[in-house]
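As structure tokens, here come the structures.
In what comes next, chain A is part of two complexes: it sits with chain B in the first one and with chain C in the second one.
What follows is the complex of A and B.
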């Protein structure tokens, strides 16, 4: 599903710009509150490239020498990240981290269990990467969560295809054994090389092509694995993350029925099949929920693409106006004319550099509303990016933390900390302060901030928020003295 | 000393006598034709402003591979001849010299079928237009 081209002016309660995990969950949260919602997105981006894990916050004591860290709960880890990094989105939302469990439950429910989490009050899972390193993560796609290293003891089979380089079973097993030893896990990995890919040219197949091959004939994979299994059978099999292009559950069921061994997928590396699966599952859910997914680009009428004499996007009555959209090479090939947008609230979920939410054009800029882009506690004014990056990949990379700064209600802030509009919200990777690789808050952050932004947007559009904890209230729903002040802003 | 004097005299003769006579009476090729005579056999063709814009668009590719996942024509040719639509911005567009290697793909694949792949490209590489342009550039390189 690529989305429809724009064919008429858009008038909705909530407009979500960006169709990755943050945008999808913002749209679904607003829709659940009864809002009419449209999602406009111009392409796939970081969600479709994700490994299949949904990181919320890393255990602060986890490292290569002590892979399991201090075994803090997910929410404790998020609070720790907020206290250690005042520029992180969790720090801005510190008072609302109590809603993290609700957000994760919401994501799991909305995806019909395709996204599965340990629970915010429990420790992170440990998944195995294709390089054999354990990765701590709160959850992910169910086919990957089934491979949680903390939920198994004894022997695990590290499966590869004997003539294809996607996973080298021997290297994977050796690395997994070393990681298990350091982590003190009662595990032993054994390599299992199956002959599923033996036709001429199979060694050049791309991951999604292998997935299509398995979709076509899962029984052949079962037979291939049956031949490859050692006499001393492992307690669990971890397979390359290519079990299906759409839904790996039928393939996993066939494997488990045919082999009698629980099976799961490894995390994905480049050319992620699970990432595309997640993207497509989210889009299917948007469709089911009655949310229109529009393929196009949004721009401000006063921006570089519009009429310079127009005022910046602003609120008139109950709507935010001054933004427009045009078709972005829609899939039917017809270039649509552009249309005005009228929305009760707008959620910006455009991602960072890959998604196009932050661009470098002399300086770093947010291209739709021209909001200031922050790196640390400074607005970027066109500094040389070499000053914002570190030579060693393992060192912090401030440039990758560039983004929008928000207040506790997820309104993006202007340079002087005022709001552009009380009806504009931001969520996901466009927010400043988070580098998914360094900070370990990836799709989990998108889910949490997307969920909150969707509810805030629904509230701004005048819809009921019964049961929802807004900024200025305690998690129990009691009003605090700051509430009226916050509303009066 | 003698060699230097001889060399200087020869260069002076070339500059003051031979070259002006060649300009006046000889067959001289200038500009584009001269470029084509020199480099055309190697597959290099001139790059006008419109071509530069297309090359800049192709340069936006970040090799994420998402387009290949929606390339319905992957597998239509031998893998050695065509490894997915991302090959066009990543390799084929880099130099017209490379075009001859992509001839089989450009001749047999339909650019219109890249629309779905183009619609998911995070950096908006115009894959349909790029494929058409590469065909045109290949024709120019052939002629």
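What follows is the complex of A and C.
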């Protein structure tokens, strides 16, 4: 885990709060525009738990009978979501969806290809979900994208370990055949159960422990698979997503060299090794790009040095002040401390419930700036969430879409639709109107809104936006006057 | 021809089936969902002496205490002692008012009276404690006590109690049918009840079973079952809501006072704690129980006031059950008798039809004994002795030592302990299964230490047919993660073991998560929201489960209800339109 405890006051062009995918891409986008950037985060959050897929938008015509839907392009699918769901962040950003391809390219480039997308003008990939269902997604980690069902024909081998329950190869193969049949794909899946995990107690290993075993000796996995392969060799192997703790590419190369069959990983469920890999890759990239990653918790102070007469975060000249941070002790145990922060712009990328960007304490709250939290077009005043959810699990759950509403420049809105500050931006899961599970916009939404927020923040901090402005619109936050107070709160 | 057909797989139905089968009567038990899927699984899980009923029903208290003693003997593995504290508070503890001091005295006397019944259930006598003593025993108590009184109760896993009774009935020759709904009651000359027609919930198949007595143990559904025989049975149903929190906040069960002065409690239970319960008249559909905001707040407020530490815990779920209380008018809910009643419907023109309502979990055994005695009387049979209080329930004989089991089979001690708690002696069989099939050594549920072998054992030997049944048998998905961590693997095990189709596998998985959601959504707050985000991300997001092509429905099982043994009992099969008889299909035919 990269990162330091804070040891001095922070003064940067752009402060990003939150170190998941949204925060990382906001920081990288601002950095690319030449801003000095710091990322403050409390801990790993939802990105490290993600499956390895990067969803942008679901195909609007996809359903149980036609799992591949209308095979619309990713950007068309996003436009569709924006038009049918006025509360969705894509609706607020409708005028900027043309930048989606640039954002996805940016993510690919910044991660050195670890994140891979077919391209926003192409249709979604179709992955095999951990439960054996077709899962449409714009992209994901390269080891997973290699398992795109649309890219293979013939036989695929669904690989599991004979004594470990992480993947039931027989069930997965049966489900894959069923999925292929429904989707009309020219595929046949066969189960392959290898004996890689045969030592006493192996059935208790957790995913990260299996990944460590494979890192220790990839050749043993190759051998085990060679023994397990049927005579009629499959054209591709889908393996449990545990091929390496950090980088599966060497393992994949060893497998392909040893078996002569292209290999890919399945999506992860729950304890996600790919999610941790993505998180680590993002942090490595932040470090390379010269962005300081600080462990800590940001809070809005009552003015400088505890002066309670000053209202909370406000803008003075070119800076946003009145925010402070407490250093949290990272794993290497740096002493906790408390420092003021001065930033030209601030990006909130604090996530939703897992990340802690939205919490319910009597009512739904945004804990740092106490911004209003919206469910649909209403600010939550402490409603019982039982009334804001549907009985059926798979129906839309308005309460689980709670978050911040933004304008087209990604400024979070106050209750009266004014801004707390033109220098404050929000992106990722903290935004209202999106339930990543149900709405099918996950890491992709984080990339897109993070990228835009980073550009906006760099602009607000007074840095150049050359080559960025589209359609004659002004991306800077000058449309409302600097507001020293949070009105109407 | 059965001697006795019992309708309802709750604690009464399974208890009656066991008693009748042990007396040698040919018995059929029919349940529309699973054992303990209704009220018997939605209670506090206490084999208590009924201290609450001392005020209104001293007789109920006495019966409950005596029978609690018997249940300890027949299922020693399944009971756990719950010492309780009754804290006595004052507005100003340093200067309690006369009323407050009098109240303290009254509680001591009251629980002192209860002590008279304690020996029957190996309970410890009550002890009056000073505030300092109470704080030392239970540091999480709010600091406003003028004293406390301890008393002693027993807890049980009610799901396992019902399953154990059903399995014992089966071992003594009874036939069991789960996921089989009674659709009509067959009448003969003079209105005599001759049997029932049941619908297999999986296939829609209808089968007729003949019996000399049809016993309605339908609990909250008893009026509906009775209506099938043209008989009116009236209940005064009471809804009881409980909350489950993610940790054990106290060592003791703690009595808390709710805003209206009623007593509720916080109870350590397995890896969680339970806060319960409400008691309100219920006029709705027992198949559609939903928890309301005020019910959650009522319980929460009461618990936090007595045990402030509860405020730091996460509420996992809220759940509700219906007390099938005997009808009485013009009484408050709490004052209603917990007595049971057995109705011989001969006088209602339905000879051969009997209903039992009311009663408590704790006295199920004695009630079952009375019920079977009544059946003997109706059939004019010579009395055969009831043995249910002397013969151990399955697993109750020779409970193994956890340390030895852990050592012998390479399990962790907590895992062995939980296994023995749920299965008693049968834990050894489960360990043997895991030894023979090493694949089944995996720990599927880490919250409640459920290993794969336990799930497979439940499928093979405990009539566990749906993932939701496995939840009831093993506490799978009942702990802090609410299935997030374990549901997919458990569903895969079920799919392989029961040879489910891919569609049924998805449906099983979805239905479990749906039932979890039903309980979670009433208490969404704090970290519970994060748990939902994660769980949805896994199952609906990465898993794409919502896109599976099935119609979700909680009560429909994934595979056929009719098993071989019960097949033989079906004397005649009728098609749904009642036209022609035909042979019923074999169980699981589609999968073979």
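As a convention for this text, the second predicted complex is superposed on the first by the 454 of 489 C-alpha atoms of A that agree within 3 Å, B and C clash if a C-alpha of one lies under 4 Å from a C-alpha of the other, contacts with A are read in each partner's own complex, and residues count from 1 in each chain.
By our rule, a residue touches a chain if its C-beta (ideal position, glycine included) is under 8 Å from a C-beta of that chain, and two chains touch if they have at least 3 such contacts.
Everything numeric here is computed off the predicted structure, so don't read it as measured data.
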Does chain B (first) or chain C (second) touch A:119, or do both, or does neither?
neither
Give one of first, second, both or neither to describe whether A:422 is in contact with chain B, with chain C, with both, or with none.
neither
Identify the partner contact of A:182: answer first if only chain B is touched, second if only chain C is, both if each is, neither if none is.
second
Looking at chain A, does chain C or chain B touch more of its residues?
C
Thinking of the overlay built on chain A, is A:258 touched by chain B (first), by chain C (second), by both, or by neither?
neither
Output check: A:394 vs chain B and chain C. Expected answer is one of first, second, both, neither. What do you get?
second
Of the two partner chains, chain B (first) and chain C (second), which one does A:49 touch, if any: first, second, both, or neither?
both
Give one of first, second, both or neither to describe whether A:270 is in contact with chain B, with chain C, with both, or with none.
both
Is A:354 contacted by the first partner chain B, the second partner chain C, both or neither?
both
Is A:204 contacted by the first partner chain B, the second partner chain C, both or neither?
both
What is the shared patch of chain A, the residues that chain B and chain C both contact?
49, 201, 204, 270-271, 354, 356
Once bound in the complex, which stretches of chain A touch chain C?
46, 49-51, 53, 55, 62-65, 67, 129-135, 162-166, 168, 170-171, 174-175, 178, 182, 200-201, 203-204, 267-271, 352-354, 356, 358-361, 384-387, 389, 391-394, 399-400, 435-438, 440, 442
Chain B to chain A touching residues, read off their complex
62, 64-66, 68-69, 74-75, 78-79, 83-84, 112, 115-116, 118-124, 126, 128
In their complex, what parts of chain A are in touch with chain B?
2-3, 42-45, 48-49, 201, 204, 206, 208-209, 270-271, 273, 276, 295, 328-333, 354-356
Touching residues (chain side chain C, partner chain A) in the complex:
290-293, 296, 410, 438-439, 441-444, 452, 484-485, 488-489, 492-493, 495-496, 502-503, 505-506, 509-510, 513-514, 517-518, 521-527, 529-530, 532-534, 536-550, 552
